[in-house]
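The structures considered in this document are given below.
Each of the next two complexes has chain A plus one other chain: chain B in the first, chain C in the second.
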Partner chain A sequence: MPVILRVIAAREGESLRRDGRARVLGWVFLILTLASAFAGGRYALRLGQERSAAWADNRRQFLEQGIKNPHSAAHYGVYAFKPAQALAVFDRGIEPWVGATVWLEAHKQNDFKYRPAMDAGVMQRFGELSPAFILQVIAPLLIIFLSYASFSGERESRVLKLALSQGVSPEILAWGKWMGFLRALLVWTILPWTAAIAASLFLAEPGTRMDVLLRLGWLSLAYAFYIAFWIAVVLGVSARMTKPRNTLLALLGIWLAACVLVPRFAVALSKAVSPTPLAAEFSDQISKETQRPDSMKLDKANALRLYGAKTIEELPVSFSGIRLIEGERHGDQIFDRRFSELFGILERQRDLHLVTGLASPLQPLRLASMALAGTDLSVHRDFAFKAEQYRRAFIRRLNDDVLRNAKRQEKWDSDYRGGPDLWASMPAFEYPSFGVDHAIGQAWRSLAMLSAWLMAGLWFMRNSARRLNVD
Partner chain B sequence: MLEAKSLTKRYGDVLALDGLDLKVKEGEVFCLLGANGAGKTTTIHLFLHFVEPTGGQAFVDGREVAKNPLEARRLIAYIPEQVNFYSSMTGTENLGYFSALAGFDYAPGDLSAFLRDAGLQDEAHGRPVGTYSKGMRQKVGIALALSKRARALMLDEPTSGLDPKASNEFSLLLRKLGDQGIAVLMATHDLFRAKESGHRVGIMREGKMNTVLDTEKLGHSELEKIYLDHMAN
Partner chain C sequence: MRLFRIELKRTWREAATIPALAAAAVLLIVGVFGGQTASERLDKQGRFLMAKDAEKFANTRARFESLETGREKLPPGEDDPRTTSVFSLYSGSRQAVLPPAPLAPLSIGQSDLLNGVARLNLLNRAQFWEGRNYFSQDIENPLNLQVGGFDAAFVMVYLLPLLALALGFGIVAGDRDRGILPLVLSQTTGLAHLALSRAAARLLLLWGVSASSLGIGLFLAGVSVAKFPGEFGLTLFLLLAYLAFWMSLSIWVNGLGRSAVYNATVLAGAWLTLVLVLPSVMGTLLGILAPPPSRVNLAVAARDVGNRINAGGDKVLERFYLEPGHDIPDFKQFFNKYFAVQKLTDRELNTLVDAHESELRRRQTLQLRMAFLSPALVLQEGLNDIAGTGIARHNRFEDQALVYQARMKELLEPKIFKQELVTVSDLDALPAFEFREESVLSMGRRILPGAALLSILALGFALGGMRRLKVMGLEA
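The block that comes next holds the complex of A and B.
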């Protein structure tokens, strides 16, 4: 790196260090980020403990439910809990909105329950006070307040004339300032970042720590790009505006558009273009479809034909079991179609959010951050899919027991009973989440867009510096 | 050292500088006199390439400014009317930083020596510049000229706002710089100081150089009379 860049960058850093206002802003930023990381860590730890306790309790209740018909046990059901992601400390992603708990029972693929957003106040809809939110929304404000006068203030005080009269090019001056602010910002974020790493590693399962570290590496890169972009934009605008006050107003306008209006617009746009059905409406439609008389049950004639029997009593298996299994099979087809449509809608909404990333770098950053933290839609969809696969296998085992052991009669055999041995033979649900490769696969488009924003920001800064006016 | 050939600057319909021809030799102190809007600051800005000329050429030590602006600036030290440095940094730190921008890397002791040569008292070297008077800041500017080994010094209204003692000290300092071979181009309203500091004065009006006078051949009152005559006509 040329010495002159180091000199300019060092002066900017030193100037920030001596500026009382910068120190106050820096401390506020640091405390906010650390507090949010601490709160996020505590929340994730409590959530993990509660989910483990609830899972153990639910499993015990299932095993101790006593003697009953296996189909009653299928209706008794079990809960599937999505394990808390270690990096949810940093970015909780869509989980507050989509939930992490699903009740698995016979005949139904249920929607997720207990979504934290249901209990959230109006202010929380602006965003969770997570380290991710602070870096995404508050950090640009910090950058603006620290560096808006970088060129316009020096122009007003005539220091800019003096600097340029030394024979340094305006571009070099801009690059040096950019490096100085970037270094200062990165130094300020080291402590909270280290705290986030420590909390994530503490919460991570022992075998997943390397995966968490790799994800953190990618997250660091994404956020460094974002911060570097904002510094470039602030310097570019400062180089173009003549008065510091006007620079500040223009930059606050840009922040408002990029960090508040575009994300709100993206939500409205995605809902308008790809509307999600209301939860109750969605559930009603599935109920109506699964309960249509023509689709409810396999009729007797079909069952006899299928097994080559003349009477129900001649069937090699119980007619009650056949009806249960066929009913599930029919329902599963409907659930597959309906939930596939629903996730298709959600994925189109996510893609629209990425498209709105053409108007604000916050959009691709948010998507990349969620993907790398493992709290994005793809992980949720995968969890929902695997929980549903488990539900089907779970119900199938219970129905198979009825199929094999219930009486060969046309009437539903309500006398047949299963017991603790059968319940204990049911494996518990376990969810192995994706590795970092999947996260990068999900995030690469957002990361590419973020890189393009950074390039555009740097180009803007360089171009503004070239046109730098001393008066 | 400094040369302008038919140097012209137009801002829209306003002709700020109209075909200026000027030469300032090494060691010469040349003062530009004139009312506001006469073209004095524009001339300095054109030598520093802060603005593009509409026509003509400016040269610093034979280098055409428009073609080599950064090179030309490295040869020039510039002190604007409101000379300001980074207020939270000390005199020594400011001098070190601006010298580094000009491509020089000095030890703190060397920087203090330059400040001392420019007349800034030792006790002020380690104080933040925010506590300096204008005269003290100008001395840092002069120290900068010395540290970057400037071949030419451009001053824009340097004595406005200075008390008579500081103003006198400043004149002596300019003469000293002239004696060291530095060409000085100073824009000023101050006839007395122009006569005291300058070897020659040029009276400008509405972008034109009306006349150039040798200060040694003129008394203060004569210079004032000539100046007022030019302003009146």
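The block that comes next holds the complex of A and C.
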């Protein structure tokens, strides 16, 4: 690196250290970020404890449900609880906005219940105080307030003319300032970043710590790109504008558009282009499709044909079991189709959010951050899928028990009972979460877009510096 | 007054005024449409459910009538659909739907998170919100919930203060920066009076345009504000107080005697702190001081209660049937046992659910009090209230639905345990659930303290700023 660059960068760092306004803003930023890391840690810890306790209670309840017909046990069902992600400390993503648990029961693929945001109140709609929120929304403002007068202010005070008269090219000056601000910002974020890393590692399962570290490495890169972009844009605008007042107003306008308006616009766009079905209509459709009007006759004919029997009593298995298994098979086909359509819509909406990333770098950063923290839609979909696969295997085991052991008769055998041994033979639901490779697979488009934004920002800064007017 | 009229004309002629006001008008009208789209969705969903409910009820009633009058005879072996236990579990459950309030297009509020549909039946209270098939809430992309929709409330809470500040940051400093302040002062009665007239003129223009745009937006969305003067009046008053707060803050900052750039920086910082950072910090604080009671824990506890009662089996049920009013000890029937377990579960659960509900409502009260610390929260809470998309209306809905359910239980439960059939007159005694709106007066009681607080703050900042400006004027 040329010495002159290092000198300019060091000078910027020094002037930031001397600037009382920068010190105040820096402290506010630091306190906010640390507080958010603390709040995030507390949230993830509480969520993790609550869900793992509920998971254990739920298993105990299933085992202690007493003696009953296995189909009653299938209706009693179990709950699948989504484990809290360690990196929710840093970015809670969609976690507060989706249900924490799903009830797995016979005949139905249910929706997730108990969104934490439901009871959080109106304050949460103003944004959650998480390290991700601070870096996504507040950090650009900090950059704006600290560096909007970087060129225009120096121009007004004639310092710029003096600096350039010493033979420094405007381009080098811009690069030096960029490096100086970037270094200062990175130094300010080291402490909260370390706190977030420590909290995430503390909350992570022992075998997943390396995965968490790798994710944090990618997150650091994504946020460094974002911060570097904003510094470049602020310096570029400052170089182009003649008055600091106009620079500040223009930059606040850019921030407002990028961090407040575009995300809301993305919501409206996604809803308009790819609307989700009404819950009532969607449920009604599934209810209609899962009905099997002539099922009794059909199942009977199929069973007799399959086993070469003449009467139900001659079947080697229970007809009640056959009916239950056929009912589930029919329902599963419908759930597969309908829920995959639904998740398709949700993913199209997510893609539309990414498209609006052409208008704001916050959009790709948000999506990349959630994906890397493991709190995005793809993880939610995967959890929903695995919970549903578990439900099917779970119900199938109970139905198989009815198939083998209930009476060989056409009428439903309500006298057959299962007990603790049968319940204990049912494996508990465990959710193996994705590794970092999946997260990168989900985030790569957003990361590529973010890199493009950084390139564009640096190009803008360089061009603005080349056209720098010292008067 | 003369100075105010002059300033009104002058402001109107300024280059930035018309674009700023036009932006406010367009954003508000687009915002009303955003809110209207969301409320139409809720309305469509509610109508769909109520139509299904009405159809099911009409069919049930027609069948019961023909069975009662003997027009229809049940084939041998078929269960009588009028058996109260069977009826209560299937055809007898009713839907309770919270319809969108008349001014719902103003604010989406919490309507996309709170469940506005409850299936009313004889199941225990823990299952109150869970009776619907497949989905207990509307289908919303969590990404969209996280960001929030574009509605008029968003424009009013976030963007209008920025326009107010853009119009107000240089009311005095602008002239001073240009060096024409002494000239301006030579033609007026004083700097404080001048600042107040300018601020009032700008405030009136911004508020007037916003109020008209809201009226036009609502009219285009099919809402006639003339039918709801109280609610619309409250909206305009709240908005006026909010904008007055920001404009007065501008007077106060101008009173510091610094440059327009300095004023812009301070006011932008104030906006960021009060609109963006403070609500978020307060939300986090609230989460730490009073975390919401866990619904997951409640569900687990309810299951434990159910398990215990089921495990008690016939002995528990026997005790239940020996109580007065349950004098037919025929508890072998599946449904009778099922409902007896529900009733016993309810009894034990009531304490748990009541504790959960009261903790939740205590938290909501605390949140409403904390909201007074941020003008943005005062406006958002007020608009949610007026639009009927806040927690207060939802709590009313829950209370009314519970009353309906209690009436349903009162009517049907004795019949289950006495094994009586449901009659047509029983059906007629339970008309469809209808939500009763609260009066504007009672809504106003919740909203006006916030508006009053904003007005007092506005007055305080304006007076404080004017005192400083008076001194500055004398010096100039």
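Just so we're on the same page, the second predicted complex is superposed on the first by the 458 of 471 C-alpha atoms of A that agree within 3 Å, B and C clash if a C-alpha of one lies under 4 Å from a C-alpha of the other, contacts with A are read in each partner's own complex, and residues count from 1 in each chain.
Criterion: a contact is a pair of C-beta atoms (placed from the backbone, for glycine too) under 8 Å apart; a residue touches a chain by one contact, two chains touch by 3 or more.
Predicted, not measured: the structure shown is a model, and the values here were computed from it.
Once the two complexes are laid over each other on the shared chain, residue contacts for A:Val159 go to chain B alone; chain C is not touched.
Contacts of A:Val470 after superposition: chain B is touched, whereas chain C is not reached. Using the contact criterion defined above for the overlaid structures, shared-chain residue A:Arg42 touches chain C, although it does not reach chain B. Set against each other, chain B and chain C touch different numbers of residues in chain A, with C touching more. Once the two complexes are overlaid on the shared chain, A:Gly167 sits against chain B while remaining clear of chain C.
Of the two partner chains, chain B is the only one that A:Ile4 touches; chain C does not reach it. Within the superposed three-chain model, A:Gly26 lies out of touch with both chain B and chain C [touch as defined at top]. Across the interface of their complex, chain A is touched by residues 45, 48, 50, 70-74, 76-78, 80, 82-86, 88-89, 97-103, 105, 141, 148, 154 of chain B. Every residue of chain C that touches chain A in the complex is listed here, in rising order: 34, 37, 41, 44-45, 48-49, 52, 109-110, 113-115, 117, 130, 132-150, 154, 158, 162, 260-261, 264-265, 268-269, 272, 275-277, 279-284, 286-288, 291-297, 299-300, 303-304, 307, 310-311, 334, 360, 363-364, 367, 370-371, 376-377, 380-381, 384, 390-391. Those residues of chain A that touch chain C in the shared complex are 32, 35-36, 39, 42-43, 46, 50-51, 54, 57-58, 61, 64-66, 79, 81, 93-94, 96-98, 100-101, 108-111, 113-129, 133, 137-138, 141, 145, 244-245, 248-249, 252, 256, 260, 263-268, 270-271, 276-284, 286-287, 342, 346, 349-350, 353, 377, 380, 414. Looking at the complex, you find that chain A touches chain B at residues 3-4, 7-8, 11, 14-15, 18-19, 157-159, 161-169, 470-471.
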